[in-house]
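These are the structures in question, set out in turn.
Both complexes below contain chain A, partnered by chain B and then by chain C.
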Partner chain A sequence: MKLTKTLFATTALTVAAGLAHAESHGMMADSMTLVSWGGAYQASQDKAYAQPYLEMHEGLTISWDESSNEAVAKLRAMNEAGNITWDLVDVVASDAIRLCDEGLAMEYDPEELLAEGDDGSSAEDDFGELIVSDCFIPQIVYSTTFGYRTDMVPEGVDAPSEICSVFDLETYPGKRALEKRPINNMEWALLCDGVAKEDVYDVLATDEGQQQALDKLATIKDDVIWWSAGADTPQLLADGEIFMGSTYNGRLFSVIEEQDQPVAMMWDAQVFDLDGWIIPTGLDDAALARVKDFVKFATDTQRLADQAKYISYGPARASSAPLVGQHAELGIEMAPHMPTDPNNAKNTFLYNYEFWADYRDDIDAKFQAWLAQ
Partner chain B sequence: MTHSTTEPANFTGAAPKAGPMLAADGRPLKKSLARALRRQKLRALMLVAPLLIFVLVTFIAPIADMLFRSVENQIVSETLPETVMALQEWNGESDIPDAAYDAIYFDLFTAAEAKQHTRLGTRLNYEQTGISSLFRTSGRQLDDIGDDVHDALEDINPAWDEPAPWYQMMNAGDRPVDTALLDTKMFDMRALTGEVLEGDLGFAPAREVSDLLPRTAAAYTSWAIYTALVDGDIVAEEDPWESVFAALASDLQSGADVSGYSGPGADMLAEAAANLDALPAVDFRNVMVGIDEDWGALENWQTIKLYSPDYTPGYFLNSVDMQNGIDGAQMRPENERIYITLFIRTLYLSLVITGSCILLSYPVAFLLSNLPARSANLLMILVLLPFWTSLLVRTSAWKVMLQQQGVINDVLVWLGLVADDSRLVMINNQTGTIIAMTHILLPFMILPMYSVMSTIPPYYVRAAKSLGATNWTAFWRVYFPQSIPGIGAGSILVFILAIGYYITPEIVGGTKGVFISNRIAYHISSSLNWGLAAALGTILLAVVLILYWAYDRIVGIDNVKLG
Partner chain C sequence: MSVSDIVITSTGKKDPSFTIPVIAAAGAFAGIFVGAAQGSTLLGIVGGAILLAILAFLCIEKLGRDGEKMARWGILALFAVGGFAFGAVAGLVVGLLFGWFFGWFIYWIGFNRYRAHLVPYLTPGQVLWHYSFRVICGAIFVFLITPIIVVMPLSFNAEDFFTFTPEMLRFDPEGYSLKHYRDFFTNPEWTSAVWNSLKIAPVATFISVSLGTLAAIGLSQSHVPGKRAIMAILISPMIVPLIISATGMYFFYSKIGLVGTYWGIVLAHAVLGIPFVIITVTATLVGFDRSLTRAAANMGANPVTTFFRVQMPLILPGVISGGLFAFITSFDEVVVVLFIGSAELQTLPWQMFTGLREQISPTILAAATVLVSISIVLLAMVEMLRRRSERLRGMSPG
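Showing the complex of A and B:
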C-alpha cells in the first residue's frame, strides 16, 4: 500500500514537473518518442519528417524506438501498467484497427488534425479511403509482391509475369519463399485455383474454400521456404536459395537497385497495404499538443512526397503523387518503382481488413496445423 | 530449542517450583529467548529482504499474474452484465429470448460509448469467427433507431430535444429514489470502465419513473453516471444518449400507462403516449437483427452464454486441441489440431538436443580438466567466445553455413561428395533446429561438466591402473561415475533452456522444427490471445516441473553438482 502511495506520489511529481516544464514552452512537450520499424524505412521517416521538424524547433529532442512489429502487444502492456512511454507509433493498418478496437489508440478528426492538401483539397478527400480506421493516420501505401531471380529462369521460357507462375513448378522449377501466415497466400492460392478475384473472400469465408486454398498451396508445399521476417526473402534471393519469393516491394527495390542483384519484380496480384501513425490514448496535454503539431507537419503533401526520395513506397495522399521525384542517392526516377504506378498496378488486391479481423484467428489455426503436418 | 531452554535453568539453579523460569532481567526465560531468536530471524530477513522483494515484485508476481490470465474471463460479464443475466435461463438450443435482445441493445450501447465493445469482440472472436466485426459494426449503428425516435418525439414536442425536461422528469428531487437501480448501474459502470468513479453524480433516479418506464430509467441512469463521473459534465445540461429515446419508445409501446403519472414531464409523456403511432416501432430483436443478421444466429449467442462465467476452462481446452461447446468439451476438428503435436515435438527435440550436447561436451570438458592450465585456458576461451556473441548473429551464421547454397553444401559439392543438383537440405527443418540449438546450448553443458571433472582427483584413475585396470576400465568404472553429477547438472540446464527456446527455431526451424514457444510468442505479440498463451505457458511450466520431479525421483537431485 505504502509502496503504491510512494510510487503514485513520485509519478504525480514527475508529471507535475513535466507539465510545469511544458508550460514554459507554450504547452508543448520538448521531447518525443516515435516508434517505427527500424532499418531503411525508419531512416526515410527520419530524413523526410523528423530532421526538418527538428530544424524548425530548437531544443526539441526526438528519440526512436524500433518496436513497431510488436507495438500492439507492448501498447497493451503499457496501458495495463498505466504508463504510456510512446508519443506516436507507426503501425500497419490492421494493427491500427486492432489498437482502435482495444481503445489503445486515439480517435481523431482528419479535418482538425491533418493539413490540407497542397492542391487545396481537404485532408479527408486527399487521403480518401485510406483512412481505414478512426484512429489511423495513413502515411504510405506499400505492397507485398513477388520478386524472382532473372538468372534462374529456364532457357526458352518467358520470365514469370503473372502470379500463377508461383504455383507452376513445371515451367518454373525452383524454391519459393512465402510468408509464414495465411494472409495473402490464401488469396493467391484461390486466385490460381480458378476463383474469380471478386469472389475470393466469399470463398475464403467457407470451410471448403479454406481447404481449397490449402490444397492449392499443398501442391508447392515441398518447394516453399516460409519466411517470418521481411528481410528473409531478399537474403534468400541474393544467395540464390530461391527462384522467387514474396516480400514488401521496398525490400525488393533495395535488392534490385541498391544492391544490384539479378532480381526482377513481378507486381502481378500485388497486395496493397497501408502503414501509418497512431497516437496512443492517455497522453498528457503537453505531449499530445506536441504530437499533433508534429503529425500535421509530417503528413502534409510535401513531406509525404519527400519520403519517396528514400524508399519506394507510395505516399498516402493523392496530392503527393505528382511531387514524387528522384531517389536521393541513386538519382533514379522513383515514380516507376511505386506500387501505385499505373504500370505496376494493373492487377492488385487491397488487404481486406474487415475479413482478416474476423477470420485471422480461425484461418491461422488451420494454416499452422496444415504447416505442421 | 528444548535443549537451550533447559540448560540456562540448570545454570542459574532456579528452584524447581511451579511458574516460569526467569532470565536475568526478570522476564520469563522462554519469552526472552523467543524474543532474541525473533530479532535474529528478523535481522536475517531484513538482510535478504531486498532480494526477496525484488524477486517477488519482478518475477513471481508477473508470472503469477500472467498465468492467472489462462482462466480469467470477467470481460464478458463486465461488458454485457444484463445480457449475461438474461441468458442464464436460456438453454442454448431454443429460440433466443426477447429479454436477451433487450439487454444486449443497452449493454452494447453503453459499452460502445465507453469504447469497450470492440475489446470484447476481439475476445469472443477467438472462440467464434465473425464476432469481432459483428460487435464493431453494430457499435456504429446502435444510434440509428434512437435517432429515429428522437426525431419523432421532437416533432410531437420540441421540448424532448432539451436536456432540462428530461432531467426534471428522471431526477428524483423530492421524490423517493430508486437506490437499487442506481447501485446496480454504478456497479456495472465501475466494472465496465475499470475506474473508481467517485464524485458528485448530481442525479438520482425517481422510483415512480423507474416503476413506470423501467428501460428508460435504466438507460438514463447509465448515461447520467457516464456523463457525470466519466466525462465530468453536468447531467442536467447534457443531451441523453439515443438509447434513452429508444428505451422510452419501447416502454411506451409495451403498454406503460402514463395516465396515472403526475410528476414533472407528465404532459410530455401523455402527449407522446397519445401519439404512439407517430413513433417508429422499437422491438430490440428486430433492431439487432436489422443491424446485422448475425444477431439472429444461434452460434453467436451460444458463444456469449458459454463464455459468460468469470472463469473459463476454454483457454486450457484450446491448448490441448479441444474446444468448449454447448454440449461440453470435445476434440477440435482434425485440421485444427496443432498444440499436442507441438508439445510432443518440443519435448522430443529438447531431448535430442540435450543428448547431442552430452556427446559433444563430454570430450571437451574432459580435455579442459586434464590439460595443463595454459592450454586449458585457451580452450576455455574458445568455448566461451560463442557464448559472448549475440544469439541472433550465431543463428544467422548457421543459416549461411547450412543453406543449400551455403558453405557446407558448397564444400561438399566442391569435394564431389554431393551432386550439384541434389544438395543436402539441412536447414528449415528439424536438422537445422537441432544443429543450431546444440551449438548455442553447448557451453551450458560444458561448464558444469568441467567444474565437476576438475574436482575428480587424478590419483583414483592412477590407482585403478596400478591395480591392473585397462585404460577403458579405469575410465568407465572409476572416472565416469564420478563425472555423472556434472552430466546431470548440464542436462537439466540444457533441457530446460531448450524447451523454452523460440528465436532459434523460428529462424532455422522452418515448419517442422518449431517449438511450442513459437506459438506462445505468436499469441503474446501477434494474435494478442494472452489467455491462450498463458494456458500454453502454464502447461509447459507444469511439464517442466513434473519432469524435474521425475528426475529427482529417478536420479536424485543430490547427485547434481555444479562444481
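Showing the complex of A and C:
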C-alpha cells in the first residue's frame, strides 16, 4: 500500500516536472513582434528573413513595428512600466551599446545563439570584430556617404569625386544636405582642413580641434540644409533642391537604380556603421525560445546574403560575401553597389564608437549651439 | 434678382489719371510673380506695369463701353497666347486666368463699377477698406487651404517623391498615375491600418456618445452639487496636452495590462472623445424646454421612456455632431496610439506618421487625400445638422 502510494507520487511528480520542463523549454511563442526602420530596409528583412521563417513554421505570426528610431526611449519606458511588448529590436550599433550598458538588452553567447558559417568558421570568427558589444547581433554594414545631381555639375568641371568637393563652393556651387548632428560632419570637416586621416580623432578630442571643425563647417553653413531622417536627402536630391547631400548608401542606391533619378554616388570618405538586432531583457521563456530560434535562422550565412538581393547593404558575415548575387527585381549585380566593394572602399572611416561614446554629449552641445548662432 | 444685381450708386467713366496708374500698379504686382518665375523680378514689374497701362488706355479711352465684349476677349486671347509662349500648357492656364481677371479688372476700375453696390456717401478711404478687407479675408483663406490643396495633385505623381515633376507641370498624362492609390488600397500595411482604424473609431465613438450624453444631461440638472468642478474634470482631456495624457495612460494601462490591446486603444480614444460630446450636447440642452419632460412624466411616462421618446429626438442633432467629432478625434489621433498601440494594431495615423518619418512615399499623400475627403463630408454633415436644428428651433430665417 505504502509502496503504491510512493510510486504513484513519484510518477505524478515526474509527469509534472516533465510538463513544466516542456513548458519552459520546448514551447515557443506563436507570435513575435520585430522592430525595425520601415521602408525598403524593413522590406528587405521581411523578404529575406521573416517570410522564409514563416513558411517553415505554420501558425506563427510576425508583426513589424517601425519604431527603431525611438527604440532606446521606448525600451526604457517599457522597462519602467514592466511590460515588454517587443521581441527583437533592430538598432544601430551605438544604440545597442547604450542599451547594453543600461541592462535593457540581453547579453548573449555568439557560439550558442548564432549558427556556424557556411564555410565552417565559428560564428565568432565569421562576424569578427563587428560584434562591438556583448548584446549586439550584427546584420549589415552600411555607410553614410554623399550623392550628387549629375545634371547640376557645372559645365567644364569634373564630377565631384572626393569629399572636399563638399566644402568647395567655388567649383561646386549649390546647396548641400548634411545630417543635423556632429558625427561624420566633424570628421569630414577636419579631413578637408588639412588634418591627416590618422590624426582626426586626436585633433577632435581637443577644444581647438572641435573649433577648427566647426570653423570649417561655417564656411559652407549658409548653403547647408540640415536633415534628420534618412528619407530627407533622397527627396531633396529628387527635387533638385540640393546639389549634393549625405545619407545612407542604400537610400542613394534606391534613388539611382530604382527611382532612376539623375544622381551619382561619391564614395570617398564614406563612414561605415553597423546595424543589427538586440534581444530585450525581461522576455518570458516561451518568447525567448522563439526569438532565439528566429535569430539563429535569420543571421545564418545564406539569409544575410539573401538580404543583399533587396538592398545594397553589406552582410555582416565574412562567409556571406561570396554569396551576394543579383538584385531581386532589377537583376543587376549587387556586389559593385556594396559599400564594402573594393572600388567603393578606397578611402573609408569606421564609426568610432569609443570616441563618440566619450565625447558625444560635449560635442553635441557645442554643435547645437553653433547651429543656432 | 440677387443682391449683387442691385445698383445703388450710379457709375460712369473715371478719370484716366486715376485709373491707369491703379491698373498699372496691379499689373506690376502680377508681374512680380511672372518675372520671378521667368528669372527677373524687376523686368516682370516694369513689363507688367507698362503692358497693363497700355491695355487700360486702349480699353477705357479708345474702345470704351461699347467695345467691352471685344476688348475682354482680346485681352483673354493675348494673355493665353503669351502664357503659352512662356510656359506651354501650364502657362496657357495661368495666362487664361490672368487674361480673364485683367479684362474684368480694367472695366471694373475704369468705369467706376466698384462703387455700384456700395452706398453713395462712402468716402474713397471707406471704399478702399471695403475691398481691402475682402482681399485680406481671401488671402487668409488661401493661406489656410493651400497646404491641403497642394498635396492633392502630388498624390497622383508617377514618381515616388513629393515633387512636381516637369511632366506634371506640362500636364503630360505620363507624369500622373494612380499607383499610390493602388498601393493605398492594396498594400496590406495600409489596408490593415485602415481596417484597424475602422474597427476602433466606431466603438470608441459609441462609448463617448453614450457616456458623454448622459454626463451632459446629468450636469444640466440644477440640483447637481459641484457642477463646474465635475464639468472641468470631464473636459480636461481636451485641455491637458495630449502627450501628458498619453504618458499617463501608458503607465496606468501597463499596470492593468491594457497596453497594446484593442480595448486599451478604444478606451483611450473614448476618453478623448467624451469632451466633444459633452460640449455639443450641453449646448443643445440650453434650448431644451424642461417642461416637456415634466409633461411626459405627468402623463405617466417613466424617466427612461421620457428620455428616449421626448428628450433624445430633440437633442439628437447635438448628439450626432458630438459623435462625429468624437469619431474624427479617434480616426485622426496619433499620439496616444503611439503610446498605447502595438504593431498588430497600427491605425491609419500611426502608419502615416511612421511612414512619413522613414520613407517619404506619396502613398501618404493618397491616404491624406482620402482622409481629407472623408473629413470634408463629415464636417459638411455637422454643418447641415446644425442648420437644421437652428431652423427647427426658429433661430434662423431659413
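Here is the rule we use: the second predicted complex is superposed on the first by the 347 of 373 C-alpha atoms of A that agree within 3 Å, B and C clash if a C-alpha of one lies under 4 Å from a C-alpha of the other, contacts with A are read in each partner's own complex, and residues count from 1 in each chain.
Rule of thumb we're sticking to: contacts are C-beta pairs under 8 Å (C-beta built on N, C-alpha and C of every residue); 3 or more make two chains touch, one makes a residue touch a chain.
Keep in mind the model is a prediction, meaning the values are calculated, not measured.
Enquirer: Taking chain A as the common reference for superposition, should the pair chain B and chain C be classed as clashing or as fitting?
Expert: Taken together on chain A, chain C would clash with chain B, as the superposition shows.
Enquirer: So in the superposed three-chain picture, is A:C100 touching just chain B, just chain C, both, or none of them (first/second/both/neither)?
Expert: First partner only.
Enquirer: Would you check which partner chain A:G282 touches, where first means chain B only, second means chain C only, and both and neither mean what they say?
Expert: Neither: A:G282 stays clear of chain B and chain C.
Enquirer: Just chain B (first), just chain C (second), both, or neither: which does A:G38 touch?
Expert: second
Enquirer: Where does A:P52 make contact in the superposed view: on chain B (first), on chain C (second), on both, or on neither?
Expert: After superposition on chain A, A:P52 lies in contact with neither partner.
Enquirer: State whether A:S67 touches chain B only (first), chain C only (second), both chains, or neither.
Expert: After superposing on A, A:S67 lies in contact with chain C but is clear of chain B.
Enquirer: Quick one: classify A:D239 as touching chain B (first), chain C (second), both or neither.
Expert: Both partners, chain B and chain C.
Enquirer: Could you say whether A:A81 touches chain B, chain C, both of them, or neither, answering first, second, both or neither?
Expert: second
Enquirer: Determine, under the contact definition given at the top, whether A:G174 touches first (chain B), second (chain C), both, or neither.
Expert: A:G174 sits against neither chain B nor chain C.
Enquirer: Can you give me the overlap between the chain B contact set and the chain C contact set on chain A?
Expert: 69, 239
Enquirer: How about chain A: which of its residues touch chain C in the complex?
Expert: 33, 35, 37-40, 63-67, 69, 77, 80-83, 85, 229-232, 234-235, 238-239, 259
Enquirer: Quick one: which bits of chain B touch chain A in the complex? Just the residue numbers, please.
Expert: Those in contact with chain A are residues 115-116, 118-119, 121-122, 125-126, 129-133, 136, 335-338, 341-342, 403-406, 428, 506, 510-512, 514, 519, 524-529.
Enquirer: What does chain A use to touch chain B in their complex?
Expert: Per the touch definition, chain A meets chain B at residues 69-70, 72-73, 76, 98, 100-103, 180, 211, 225-226, 228, 239-241, 354, 357-362, 364-366, 368-372.
Enquirer: Any idea which chain C residues touch chain A in the complex?
Expert: Within the complex, chain C contacts chain A at residues 159-163, 250-251, 254-255, 257, 259-260, 342-344, 354-355, 357-360.
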